[in-house]
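A, B, C, D, E and F label the chains in the order they appear, each numbered from 1.
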Amino acid sequence: MRDQIRIFTGTGNPALAKAICDHLKIPVSKADISRFSNENIFVQVRENVRERDVFVVQPLSSPVSENLLELLIMLDALRSASARRITAVIPYYSYARSDKKDMPRISIAGRLIADLLVTAGANRILTMTLHSEQVQGFFRCQADHLAATPILCDYFGSLDLKNCVALAGDAGSARRAGPYATRLNIPLAFVDKRRVSDEKVEIRAIVGEVEGKTILYFDDEIARATSLLKTVELLRDFGVGDIYVGVTHGIFTGDAIERIEDSPIRQVVVTDTVPMPPRKRCDKVVQLSVAPLFAEAIRRIHTGESVSEIFE
Amino acid sequence: MRDQIRIFTGTGNPALAKAICDHLKIPVSKADISRFSNENIFVQVRENVRERDVFVVQPLSSPVSENLLELLIMLDALRSASARRITAVIPYYSYARSDKKDMPRISIAGRLIADLLVTAGANRILTMTLHSEQVQGFFRCQADHLAATPILCDYFGSLDLKNCVALAGDAGSARRAGPYATRLNIPLAFVDKRRVSDEKVEIRAIVGEVEGKTILYFDDEIARATSLLKTVELLRDFGVGDIYVGVTHGIFTGDAIERIEDSPIRQVVVTDTVPMPPRKRCDKVVQLSVAPLFAEAIRRIHTGESVSEIFE
Amino acid sequence: MRDQIRIFTGTGNPALAKAICDHLKIPVSKADISRFSNENIFVQVRENVRERDVFVVQPLSSPVSENLLELLIMLDALRSASARRITAVIPYYSYARSDKKDMPRISIAGRLIADLLVTAGANRILTMTLHSEQVQGFFRCQADHLAATPILCDYFGSLDLKNCVALAGDAGSARRAGPYATRLNIPLAFVDKRRVSDEKVEIRAIVGEVEGKTILYFDDEIARATSLLKTVELLRDFGVGDIYVGVTHGIFTGDAIERIEDSPIRQVVVTDTVPMPPRKRCDKVVQLSVAPLFAEAIRRIHTGESVSEIFE
Amino acid sequence: MRDQIRIFTGTGNPALAKAICDHLKIPVSKADISRFSNENIFVQVRENVRERDVFVVQPLSSPVSENLLELLIMLDALRSASARRITAVIPYYSYARSDKKDMPRISIAGRLIADLLVTAGANRILTMTLHSEQVQGFFRCQADHLAATPILCDYFGSLDLKNCVALAGDAGSARRAGPYATRLNIPLAFVDKRRVSDEKVEIRAIVGEVEGKTILYFDDEIARATSLLKTVELLRDFGVGDIYVGVTHGIFTGDAIERIEDSPIRQVVVTDTVPMPPRKRCDKVVQLSVAPLFAEAIRRIHTGESVSEIFE
Amino acid sequence: MRDQIRIFTGTGNPALAKAICDHLKIPVSKADISRFSNENIFVQVRENVRERDVFVVQPLSSPVSENLLELLIMLDALRSASARRITAVIPYYSYARSDKKDMPRISIAGRLIADLLVTAGANRILTMTLHSEQVQGFFRCQADHLAATPILCDYFGSLDLKNCVALAGDAGSARRAGPYATRLNIPLAFVDKRRVSDEKVEIRAIVGEVEGKTILYFDDEIARATSLLKTVELLRDFGVGDIYVGVTHGIFTGDAIERIEDSPIRQVVVTDTVPMPPRKRCDKVVQLSVAPLFAEAIRRIHTGESVSEIFE
Amino acid sequence: MRDQIRIFTGTGNPALAKAICDHLKIPVSKADISRFSNENIFVQVRENVRERDVFVVQPLSSPVSENLLELLIMLDALRSASARRITAVIPYYSYARSDKKDMPRISIAGRLIADLLVTAGANRILTMTLHSEQVQGFFRCQADHLAATPILCDYFGSLDLKNCVALAGDAGSARRAGPYATRLNIPLAFVDKRRVSDEKVEIRAIVGEVEGKTILYFDDEIARATSLLKTVELLRDFGVGDIYVGVTHGIFTGDAIERIEDSPIRQVVVTDTVPMPPRKRCDKVVQLSVAPLFAEAIRRIHTGESVSEIFE
């Protein structure tokens, strides 16, 4: 395997790429990435990749547009360097959130970005916890979709919490919280929100039993945490127990970390699909690594073993 | 408009095509559809369609495979007959239900069929109430997605029911019931189901308040009605009031009609996206027509007016 | 080879798939094929096919539309399961008969279906006795086209018939009867038919010597057998000897078998490209197996040996 | 129409292009075609064609490769000049003869050239008398296929010949002679030829009645006329009457004209799909013009009228 | 025209878009562009564009990646909103500088971005002063390429300078300076630079006569101005007269403006293809507007008039 | 390697193909290439190429259109014969000269031909000394671009010439002469030409020092040599020393050889990318072989080694 596999990283999450390579016991392959004075991105692959099985690790994390363009140009450079197969490893596919046309004359950008990746040279996609499962259908190339559910559930299982309920932030995300509830064998509840105008969303009720329960709030990502914190505020009136939050992608923009620290939330559990800079680290946030999972998936893609069996 | 627009129908729902044409005050255009002795489908367009703006009405209703193939061959015949633009009008897109890869090594057939339609010559798609909104992203061509929500809600509004709750069959369909709840301004509840094995799904609880309430059960389609009737059975233990059902696509396979008649359901409201043969008609089932909506959408597509404004 | 090759079958002709696998000494690979209550076809591949060389056996036999859709969905499922190469093995490609635009505004459906197969994921096609050789040009992917001529001629050779003439059903199929006449070294004749109206075809004459001869009538397929039986009737006036029929694809729709039994035809020789249900079996019909030929072609495609050499 | 339609010509048959334009009462549009010193073809369109409906007349006549390349480069120049729609008018599509894979490892070049035309920018094809009708299925774009049958039959009808038989050069071309026989209401016969080795074809017999008859030999094209003259030689032994030949494309390569003049053939009737240089003209060859037919087809394509109605 | 044309602008250069629209006497069409908290770009077109002829003005100016992504998403939104034709108006196409593979394993990003634009929905491109003319061949769609030469030359002509020479920064850009030299009818010179290592470029000589001459230095763009200022420094040893600089795209990154002000350069003339923020404005820099040129090109594209005639 | 690699040749330069194969110690693979009587090109591959790595050597040398068509048909035949990968080896890509749209309404034919090659089945391109480096961006498939610079420079180095200057025929080709000047470490000069009308180009001056120097004139190709000989004539007034010419592609059309012989040019050095027929050979022309370079590149493409390293 060492002879044929090559793993590159963009500047999006080099630590994760390094961790994946460490698990596979291979070095991260070399590529120069820089900007010309007119801001054009320049990529030069520094190793021969002819006939090699190549992977590029790059989440669509901040700065998203830069990271996406960088990925597209890396894919093209690798293709022109005659790589045999190129897999874009995108641990966080931010545009999965733009997955439907719920307003007139908008772009289903999750689909557009998927098409751009193929145009740029991606032969396969390897990603994790898409905002909705349907997004996998947006990829015109072969795609593998990993779930962080086992990692997060194992962690919560290890906490030995009692009397829990899985809470979803709205009706739409109830289906996302479902697999967690099933795996942890706990009941499900959700917040009934209504959009009352273009700007305003009203929380109408919490549907399901939460009183006196330990709340496990599940979602795919936390960015500004506005919606999460509104829900937490609401929960105060319901006499709930401890509040835990489990999400795959911990984006934490603006003052999200500060507001979480100031909130009654006990703990927020995220993974390292996006990098967490030191200034964002805090006692309430636990980061679990997805590197072993990605390493195993890459190994199986390369050797032709089943990827779905990882989750059996 | 009369000069340029041509509306054809497959054998899937000629009554709907006729109703749409009546609203537009144009005749249904002529095409011969037959089978050779080896079952090959044969289509001959019987009118000149060069440079015309052509629409083909064909739901993926029973027999689904036949109707789909017929549609594909009609699209190809129209393309080869030099139509300027061809819109596949698919009031019921059955394969929207195959919208994700929730088991290993399956086809996201909703995506595949979308690709087949484009391959066969569809320049646009006009459809209604897709199982999930993301499916619109599966279409590589331009697509318009109509909602039956206003039609169903207007009807339920006219019944002047009191103390209602919108009920979704499972967590995943909570987001489908949401727009109904919002428009009717009633609370939302859902059935918490868990898949316990490949064959078995267990109903765990009803999440939300239903006791003493008039139940409005919403979904995109009813086929065998198994899931609906299990939910209804469960509701008995909760002391609910009248039970109404509102779905866009009334497929009613097997003995669904008989079992609905024998159930405590008060009324099932569907539309005419799929034809309802006389033997399926019964007092409990009300069928509302979507023909005016499709006619208006076709008119706007043809003249270049906004389709989304229909719903404002 | 055992490690890398996988042969699946749709529901079109599992017996043939089994026979092919038996020749290759490998098991038929597992896949679940079922229908949802709304008639949507569901396929799950039950074995890991990553990086495997995969073949799917499915003739476009009755029910044609079902079998075609099933094949398309299997191809898509195999592609999404990361098969390295997928060959659609279509022993009977019914739509080859729709190979030209001999009426205005019709579909060249043989071309359309070829395009659909590629859209669904077919990397190669392996088929037999296309209605016309030009159909091979309809496939945008690589294709191998097997001939049943040697199998049928060897059989007729073994009968030791005397004073034969190869008869074609019309001028157009004279070129199909040609290779048989050449290989058996017998003269050629054809029926001169004229289309006198949309509905009516008139038999004008038999062109060539048939009096006192053993007739070998050759064609690519028999479905309702109308044309064949009219020709047989006509032959009565010409004082011919025994009448034999050799066709690759024995479709036998309607009461074809009964009418053949009641006719002066001595024997009809077909292959097993399409399954022959027990109720269609009769003493006059001989079925020869193409399984050894398909097995050998599959083996050569897999190992990179010449397929055309089979016929040298 | 004058404002929007533009008809260009390559160097293949400018006289035909001029005749077509004369029928439409428009001038031939201007384009410069030349060769650089390294033989690269250079084309400059000399008129604004933005948003125009453009036609390029160019048969694949001698020199075939030059004419084809010239056509491809003209199509690309017109596309880059922003023409709204470009129709390649190819009265003689020579590569239609390469329509099947009757030997291993050859190109179905009729299909390849069709693909090249689309790659170069052709939005439509307008052609005449393809070697086989299936070739129309090779075009990925819309195509119209004109027949010279009415023109040739009208001419033969005007000769008032008695006791005729339509003769095809081999079994394969029997289907090409068929429409002539039908339209003239005369019997059909064909020459039974057998390929006995790679180099040698043996004439085995004439199938059908020819004795004492006026022979009308029909085919799609005459090039070296070898096959035709061998058949004529054979006919001497059968005591036939006058021999007439009717073909759409009169290529006449080598000493074909001289050998025809020396033969017992009475008359050869061709059209002007390919140009006939003065040195090839002789008393036995009659050339009929297809310009009115192409002009009418172009007019109908432009205005959106039915082309097939020309032949009703 | 007012009815059918729609001009949108991204956030790249709204002032230019406004100026273009003012020339055409139409308003800039409305679109909302914003960022979600995870940095995803969101675009909503706020006007009906069905069947309209749509243009989007967006240079690839700073921030380049953001502006490019924004453009791609706008194109997709407009396509999904059923625009009839979408032209990406890209006054400054920064990636044209990545037009060749002069190092191993790099991307020809100018080609990649061209492909991404087509994937996102661009039907046409309208751009100006590409770094090399060959880049126009990178666009798979129709493209119009405007030149700023007349605007810059007219300006220099108005200055009434004497004894001028056109100077190119290196041998490669000599062909870019050529059209200026020709139009102004002045001699041409260039700087002979040699790359001596990966990091270091050595200026070897000035090829051509510059002593005592007014220098007109021409290039396509100025970013950090390093190369320009080195050349200027070198010119000091040659006893040249005034130094003028003429470039289409004035990017001015880093302290370019300050260093130009401190240099002996008399004047730098640029256009408004990229916006010049107030802090970059200085007495030495003159900005000419390309809005009239783009407005006229857009008008001609819309009405089907020749664009090349603008330059005759 | 012997087992898997297959090198075919068209009729363009069989001697070069043979020389390449000799270097690789493999035979040239067999294919029949002929013309039908209607000039259609016929190609039959005479060896099994299934799953093989196939290369076809064919420069676009005279007759260019014939050679190009021949190449396209060979590519298609090899694809249909199931080759695993097909590399078009085009030592001289004549249409690289048509690389920009410097006049309105012309084709960028270098781009068109690149697209045709991909349509016909080329998976890779291997070429040499493209007229401009940007042309590599025209290829939609992977491409390797070899330089003859080392071969020519080594030769000139071996001549031990003194006091040299590298001369480019015009400003545009200065960038082509640059790499030679750099490698030989000599100064650069160019001829300042101006197009004064459609027909007339005026030589205005020689920019750079040439007096008393040995002139090394570099370009990519010589065809009619008109421009070269005009430059040589001009040089007479400048008192230059010996004149040498180095070009990759020696086309020599018309009386180029005779005029070179009669000129003061000392020597013309070319390579064997295009064949030099005996009648063109003369004492002044030296031909160097590129076969070792192509052989090494083919070997590396096949084994997955870096091609760029050849030039390090």
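Assorted remarks:
Keep in mind that, in the parts below, a contact is a pair of C-beta atoms (placed from the backbone, for glycine too) under 8 Å apart; a residue touches a chain by one contact, two chains touch by 3 or more.
All figures in this text were calculated on a predicted structure; none of them were measured in a lab.
Among the other chains, E has the CA centre that is most remote from the centre of chain C.
Taking the mean of C-alpha positions as each chain's centre, the chain lying farthest from the centre of chain A is D.
On residue numbers, the A-F interface is repeated by A-C, which shares over half of its contact pairs, out of the options A-B, A-C or D-F.
Between C-D and B-D, more C-beta contact pairs are found at C-D.
A straight line joining the Cα centres of chain B and chain C is 38 Å long.
Chain centres here are Cα averages; for chain D and chain E they lie 50 Å apart. Look at where the CA atoms of chain E average out and do the same for chain F: the two points lie 33 Å apart. Multi-chain contact residues of chain F (touching two or more other chains): 80, 101, 104-105, 108, 306.
Taken chain by chain, the contacts fit none of the simple shapes, being neither an open path, a ring, a star, nor a full set of pairwise contacts. According to the touch criterion at the top of this document, the contacting chain pairs are A-B, A-C, A-E, A-F, B-C, B-D, B-E, C-D, C-F, D-E, D-F, E-F. Of all residues in chain E, those touching chain D in their complex are 124, 142-143, 300-301, 303-307, 309.
Interface residues of chain A, counted against chain B in their complex, comprise 99-102, 104-105, 108, 110-111, 132-138, 145, 168, 171-172, 174-175, 177-178, 181-182, 187-190, 192, 194-195, 204-205, 207-208, 306, 308. If you check the complex, the residues on chain B that touch chain D are 48, 50-52, 79-80, 82, 84.
By the touch criterion stated above, chain E contacts chain A in their complex at residues 36-46, 49, 62-66, 68-69, 72-74, 76-78, 80-81, 94-95, 97-98, 101, 103-109, 112, 115-116, 119-120, 221, 223-224, 226, 251, 253-254.
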